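Pasting a structure below so you can have a look.
Read from first to last, the chains carry the letters A, B and C; within each, the first residue is number 1.
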């Protein structure tokens, strides 16, 4: 028995309805961003004279160049380091199965449920002591630490599933552990590393609380972190605020569109294994 | 064997964590490094977003003194309040920082005592009320004692009105008594207009504090209010006069004089909407003059809150745009010099009036800079003179402690709007919160 | 006999040399783990322990600390405003977690049953979009949509429901559900796509069998889909519950905890207590309670999951 036309139709309608609801907010602020600066547009009316200049204005006024640079710097500082050390740890726990693997894994997995808000206060004092408060390191270093639970778990899952024959063969040939890691396992781990890298980049870009508390100068925070200050300055000017929000959204949206398959697969797989 | 090894390592490791986490963070003290003059100097500033005046003054200062350059960070009011303790105790504290509240910081020695500068520059000779709000005594009360902050100008608050809408309801001149004002408000409501535009979102803080305080000063003297703000021992906001004022506000709320969505309106949105013709009146301060002049050129008027009875002295909130110098600032001398320059230099004073919309303060001998014709600043400056002569200026009840606004006035006033709090409960709740905060 | 001894001796020496190799491997292996462990320890575990320590003192962050034992915890439990934040967090769980999971199941099952190919792929990409943007951006967008002159009210007025139109985020009764609505928008796509992926991994024969038996969508849903997706449902619940209990970004940017305390959630309150009110001890106690809550809610879900997997 095949599905009735009505059912298929109904299902399609539901999906399209949901998609519309999902996309409507984006469309709404996009249209609002095109209205003349300082007005309070209602609903979804397309403006008489679209002000494309608003985007340029918002970019300049919120010092977006500095913000972009700051965010890119933070992502470049966080992601490669986090990737390497988590892959190394995942390798040791998942493939070498060193002594204490289970306890180590448990220790990392425990951190998966930790809300940032729970440790933000001591993190502030810790950074003051370490002298890194209010530098970009203030965001970079804790993020690397905070990503470890997920990242180590993710890479370990990959390594657990790697058959041991390749390594056995290499060891018989006299390979050291370092050779094993660098020459053999690492190349094989590229796909999950790529997915993890994309995930961590998106998360870093969107990081707000850490940036808000640990860096005083709004232009040294992440894009999302500076959004709060931007909002205060330009709340009068709704179209400008919308234009600014869109500019902040754009990088992650573009990355998502380009890598959607990998990102979705990465997030889903990671969650399931978690 | 494997297991033992692993367990040992882990145990040692966990012990290490326990040990390292047991330290107490120390505040690193820094030596003062007085320098100023002709060498290149970078002044570190932390300002509030949305107020152009400090930025324009800084620019002009750089122009006049090329060896000085400013490194300014800015943040929203709420973020600023939260960040200030961190900034002042940090390793690179600001030379000049915006200080909406300052008693706690003064008490804890985080702010530079400005008495020597006051003596050196002669600030002591300026009209007394200008400086008193920024004095903190040994016991933490304000109004007297050592000087810990200076104002970039001296603002005035009151009631702005849309002249066109006012004409519609037949208001040709500002009300002279509170009863007259009530009557005008009722007329506005009947005519289908929004009587008062005001803000109330927790993000900007509850703007109803302005009309409330104005009503308090109409029903009673200003001294008890100032005492409470200045944390004088035994001061209370829960007085019979204030109860009448709060009840009056509650009537305004119940009569629908404020926007129905006030709890969601932010400060800047309220001004935008007023500028677009929504609301006959708005309780605000002269720092917004430039904005009103732009949105409603020539169509906006100003008057002080009318007294209870005809001929009584009007009162208003008037406060300096307070700036302080961190105790450990690197260039305190240069920062103090800037503060003096702002009130005495002719161009700076002009900027104060044009951009800040308010009185630049300073020695009483200096002429008031001319104001553009048609600007609302003319009216606010004139009103400022009246308040100065009557001696009825108050600080803001929102600034009594660093958290009384966010934890006291704002939530309680929001509840009153929502019908979940009444006048008596409002005052009791805020007083209780005030006492709890002071006892911490 | 000497050959016996020699055989035993060689066995022994083989074992000890093997042990030595294993020892060396362990040490090197641990060296591989050390960097990750160090970062995690310094920036996660140490602050965690510090939080616990601070929760037992009274401290304003600048002056001296005074030991107060369990006072801070008692304050949290006794102060209705503080305890209220915990209740608000659980109310958010309904919006951030239960609704997306339930709705997600229904939508995913519809997607799975009814569409293949392009429409499904496009739907999944689009529904996933809200996951990718910063939460603060979602907050700002929806803050604008939910305002009195915003789109939501325009639509309501358009279909004649003027009386319902209001400033949703400024209303005492509707502020929290409105924040919840934003959460649904952000998380529904995640759950839907996750559950749909899970469905595609199930043996199609099961669905075929149900359809051949003439099962309606509802029967197929309740008898086949839901029971088999225990794992994915567990994941959805875990992720969304953590999102709800730890909520900060969205609330900070839309209501800052107001009006009154209607949307005050632990995340916001910790921030205010620590950085505005300078009550570090109390903030830490609330933080520890928050972390405990997350564990208490998430662990049983994981247990159920593990049970299902076995």
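Everything below uses one rule, namely that a residue touches a chain if its C-beta (ideal position, glycine included) is under 8 Å from a C-beta of that chain, and two chains touch if they have at least 3 such contacts.
Note that the structure is predicted; figures quoted are calculated from it, not measured.
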The chain whose C-alpha centroid lies farthest from that of chain C is chain B
Busiest interface, counting C-beta pairs, is A-C
When centres are defined as mean Cα positions, the distance from chain A to chain C in whole Å is 15
Between chain B and chain C, the Cα-mean centres are separated in Å by 39
Residue ranges of chain B touching at least 2 other chains are 2, 5-6, 9, 78, 83, 86
Check: chain C positions touching at least 2 other chains come out as 26, 30, 37, 41, 45-46, 50, 61, 271, 275
Flagged in chain A as touching 2+ other chains are 40, 98-99, 104, 125-126, 228, 231, 238
Listed in rising order, chain A residues that touch chain B in their complex are 38-40, 98-101, 103-104, 124-126, 128-129, 131, 133-134, 212, 216-219, 228-229, 231-238
Chain C residues touching chain B in their complex are 19, 22-23, 26, 30, 37, 41, 45-46, 49-50, 53, 60-63, 65, 147-148, 166-172, 255-261, 271-272, 275-279
Chain A partner, complex, touching residues on chain B are 2-3, 5-7, 9-10, 23, 25-26, 46, 49-50, 73-79, 83, 86-87, 90-92, 266-269, 271-273, 276, 291
Listed in rising order, the residues of chain A that touch chain C in the complex are 1-3, 7-8, 10-12, 14-15, 18-19, 21-26, 28-29, 32, 40, 42-44, 84-86, 88-89, 91-93, 96, 98-99, 104, 107-108, 111, 113-123, 125-126, 141-142, 144-146, 148-149, 151-152, 177-178, 181, 202, 205-206, 208-209, 213, 223-224, 227-228, 231, 238, 241-242, 245, 248-249, 252-253, 255-257, 260, 263-264, 267-268, 271-272, 274
Listed in rising order, chain B residues that touch chain C in their complex are 1-2, 5-6, 9, 13, 17-18, 20-22, 24, 27, 78, 81-83, 85-86, 89, 104, 108, 110, 200-203, 259-265, 402-403, 406-407, 410-412, 414-415, 417-418, 420, 437, 440
